[in-house]
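Shared between the two complexes below is subunit A, which has subunit B as its partner in the first and subunit C in the second.
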Partner chain A sequence: MQAKPVLEVKNLRTSFRTERGKVTAVDGVSFSLGKGEVLGVVGESGCGKSATAQSILRLFDETYTTHEGEVWFEGQDLLSLPAAAMHSVRGNHISMIFQDPLSSLNPVYTIGNQIAEAILIHKNVSRREANARVLELLKLTGIPAPEKRMGEYPHELSGGMRQRVMIAMALACESKVLIADEPTTALDVTIQAQIMALMEDLNEKLDMGIILITHDLGVVAEVCSRVVVMYLGQVVEEADVVSLFARPLHPYTQGLMKSIAQMDCDRSQPLHVIEGTVPSLHSVPAGCRFAPRCPFADDLCRTRMPELEQHGDSQKVRCWHAETILREGNADA
Partner chain B sequence: MKSYLIKRLLSVVPVLFIVSTIVFLILYLTPGDPAIVILGEEASQEQVDNLREQLGLNRPMVEQYFSWIGNALRGDLGESFYMNETVMGAILSHLGPTISLGILAELIALVLAIPMGIIAARHKGTATDQSVMAFSLLGMSIPNFLLSLFLILIFSVTLRWLPVAGYQPLSAGLWEHLKFLILPAFALGTAHAALIARMTRSAMLEVLNANYIKTARAKGVKERWVIYKHALRNAFLPILTVMGQSFLSLMGGTAIVETIFSIPGIGQLIVNAVMRRDYAVVQGAVLYVTFAFVFINLAVDMLYGIVNPQVRLDSKK
Partner chain C sequence: MTDMTQDIDLQQVKKALKKEQNRILMQQVLANRSLVIGFVIIALLVLVAVFGPLFLTYDPNQMDVVNRLKGPSAAHWMGTDNLGRDVLSRIVYGAQISIGVGFAVAVISSFLGLIVGIYSSYYKWLDHVLMRVADGIMAFPGLLLALALMAALGGRVSNVVIAVSIVATPYIARVVRSEALALKEQTFVEATRALGASNTRIIWLHIAPNTLSSLIVQATFIFAEAIIIEAALSFLGAGVPPPAPSWGNILSDGKTYIFKAWWMTFFPGMTIVLAIIGLNLFGDGLRDLLDPHSSRGKK
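Let's look at the complex of A and B:
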């Protein structure tokens, strides 16, 4: 499949203590990220993509959060590290960028200051050296007039520029893994393409592994080599990108594919929608979690939860009826 | 920034003009002849005439008004009817104690309130948070005079660490000056601390949920720096606003505490002037409070710009 993974998530479970009881946002998620690989994590809002990403870096307030399972990175399990040791992992070996670059940058510090901070925390360099590196990073991420931009505040930059700044910050210490949590969702379409091109470019140049969290299958098809599809805190399908688009096995994945508007589709027909909504984490269905919305669901689905099982060389799916679906083709729901 | 400052200073002019007009009219808002009000019912006609002459009450009102404004512009606010000094002199001599007491009280308030607010926000919903909030409620609810009396009882009467009351100017030495101010400043500071701590807590709670805090954590910033570098500065605008208000109320004089501790501050000056119907001093004091109000607000606005670049006004234009 690929070389030895840089990051391996094994059976990750993240639960939050809330006023309405315990909620498990990530429920037994496993996947691995190869060196220099771009892995897509796809799903609707509320399916646990972001929670998974933030669990890897342990960004949640751990007074209210419990993590179970393992996250292996460079021979150590991040989840069993003492909290203080995570500081030298975050931003140094694994970095993260977020959805909305404006609210993700601190409004009261210049961007130069914010990028330099990441360097100064992890590397033993002077402020002058850090600033020289900031300039390099701004050039690398394609920000025009970097000397001038360094002294500017986030509100003085455009949305695309801000996301470039976030990326520059994430690259500051040459991390081995970049987790990008919907990096283009808040941007204009043209800017989205530029940011994705930049990320692809950096992935090639720096050989950095990227976990790309998105709900945009178009983006996935373009840049990812492998995809994990999540639904309600679980992985429902995992495949290389070609197999996934050629023969999506899980009814949820199929639903997602059909929901993409095609240029050549029949415009008199309404766009396909997956019926219903993602249930609340407070009322998780008993059997297969997708059963209440699934066109193939039967009694088995409603009572017993399927496991994630291997199908062919490069595909795993969590569905009782994957064989049938594969034989009979896509559901015409 | 400079042009903004000039604009703000110019906008102060009409405010002061309106206030000084109202202040001038104070004398005429009192029913009857101000001279009789001042001297009392038993005064002889001769005394009343003399006072009217002295106050210029026998001249037409418009003329009086312009001469009052003209004098005020030159810093001459008239003379006190009771004390043998000019109104300006009286205000200036009472200003020293008020400024010292105000600054000390505000410092005590900040030193108590900001760490308390931060701790409460970080441990939201825990016993720590609840005890900070309970302390804050207590601080707001205890009347100043009661707290003052308790403090005197403990630190002056029982422990004999600090004097019961009185005042020494800074020229008498720093400790001499401070030892009279510590208890009153503490009495005032706790009440202000209570308010500032609440504001700090709620501002911090909001900021700690912001995305840039997540970014800072994801960068590997240590929790302590996340709080003090990234969060506090963003939470500071609302804190600055309450600080300005609290400092303002301290600068306007704190009559009760000043009276209990016999500190000759603005508060005492105002109370005495009102009780003695020393109108000239009342007018002067109201003008002073207006000045203080306008300039402290201006200072707070300037500080906004320093703390948060997004309110850095017109610096680029």
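Let's look at the complex of A and C:
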């Protein structure tokens, strides 16, 4: 699994210039994605998951955004590429699907047209060849009666179908990396399962690396091989999926795990919640960013920021008390 | 096997659904009274402008001094003017000029307004420049600015079109810009960018088509506005140069004789009123039909 990574993010820092000053949404994030690997990125809303994804593809308006760090893909640092060169990376080598399939498609074009566009932008093929490929892609993504569907408009399709179309667009140029930004959040549970199964299937068939951004730990356990947990713009824990679920080291990860409703839990007890809310990016706490909400926090935590450190062979964590937590096992706080 | 039959059924259901949708759309169009009435009025005027000359017996510029200032009669349905020219003929030929100018202005300002609006929504610095220029143009009353432009350009039909288009463009640009600003934030635009589409592609193939419905509605109002401004300019003697008939020119000729020959002002005046009412009704109707946020639900 840990062969040469296809995509390597090193110390990525994305900040926006806003009216209230500079805001750093992604603060020193590093991770790598192996060939054909499914990497989960989890965290609650506003923790910088999506911002990280969009920074990789440089989708932000760059007059208001600064990127620091490096994003290595096929021997190139994407962050230092000229803007024009990025056009041939997006959709061609790295593609992305979005949270809301209902608004991700242009209402005025048929889906066949839109998928064909993804091909025609990058490949020098005729319209007819593109259409043949569209048909293939629709079949691949499990859309019934693809010949009919090609001529339909987005509003004629259900949410799940539209997400399949989005996936077909992302696959159009056989990109090596797919960034899926909460691909199932807007869909209902049965469709979620179908879309996840489809993505797993495609991952195996096409050997495509997937970065799966989600806040659903169930999905992570199901499909990912490695997980990055983010909190307030930083990576707080990185581990392979088995270790992460077996012994989460960061108090935040533990909190997330405890917040999942279990089939066999005591239903008279209210569900666990992590106290407090994510602080605003305008007032980032000094020291460990999770300290204000952390049951283990002491003075050290509140004054000095811990580094992301290796624990065991497959786990990295950003916490002063990781050793203690590890020793005491998963004991309750 | 069962899968196949299900699939065929689904297609049939879809076809029936489409038919039903078309029927409902047709019903909505017909139930939209202002749209229908407006359309009929405009269609009539356009038909008259195009085919009317075939049925006319008098040349619009042919003078007949003996029969000057004659009231409406069987020979001259709308009477004759101070030079004995047939008012009906002049109004019909005038329709070609007035409607032609209005249409040309609507097309040109739509085109320019689309470009200005869409680019200023997309590039922030360009937005500041273009919108300040637009503010500048909009700060003047439309007629006054058109008058000044005509003074600078000189009296020709093509100059009327240019002057009025300059006045009208910011109004289209504003509408397109606000629509495009909202569209720009839609996920599908971001998704298209994530596919590797260039800015030009996003602007013209993805944002522009989605602004068209608002643009068309605004363009019909500009069409009406342009006819009024053209008439006013011609009335003031700064528009279409006489003796060419335009509705404003005919009115202008009539104003000296307003107490002696009411038909010289009444008929061209009514024609202008009719055209403007028709266009405005049509525009209102179109807006109700195309804009899901308007008050269609209340009916």
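The criterion applied here is as follows: the second predicted complex is superposed on the first by the 330 of 333 C-alpha atoms of A that agree within 3 Å, B and C clash if a C-alpha of one lies under 4 Å from a C-alpha of the other, contacts with A are read in each partner's own complex, and residues count from 1 in each chain.
Note that a contact is a pair of C-beta atoms (placed from the backbone, for glycine too) under 8 Å apart; a residue touches a chain by one contact, two chains touch by 3 or more.
Owing to the predicted nature of the structure, the values given are computational and were not obtained by experimental measurement.
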Clash or fit, subunit B versus subunit C on superposed subunit A: clash
Subunit B versus subunit C as contact partner of A:V189, first or second or both or neither: neither
Contacts of A:P144 with subunit B and subunit C, given as first, second, both or neither: second
Subunit B versus subunit C as contact partner of A:R90, first or second or both or neither: both
First (subunit B), second (subunit C), both or neither touched by A:A261: neither
Common interface positions of subunit A, toward subunit B and toward subunit C: 57, 59, 87-92, 95-96, 98, 100, 103-108, 117-118, 121-122, 166, 169
Sites on subunit A touched by subunit C in the complex: 57, 59, 63, 87-92, 95-100, 103-109, 117-118, 121-122, 144-145, 148, 166, 169
Residue ranges of subunit C touching subunit A (in the complex, touch as defined): 7, 10-11, 124, 186-188, 190-198, 201, 205-206, 209-210
In the complex with subunit A, residue positions of subunit B that touch it: 210-212, 214-222, 230, 233-234, 307-310
Contact footprint of subunit B on subunit A as seen in their complex: 54, 57, 59, 87-92, 95-96, 98, 100, 103-108, 117-118, 121-122, 153, 155, 166, 169
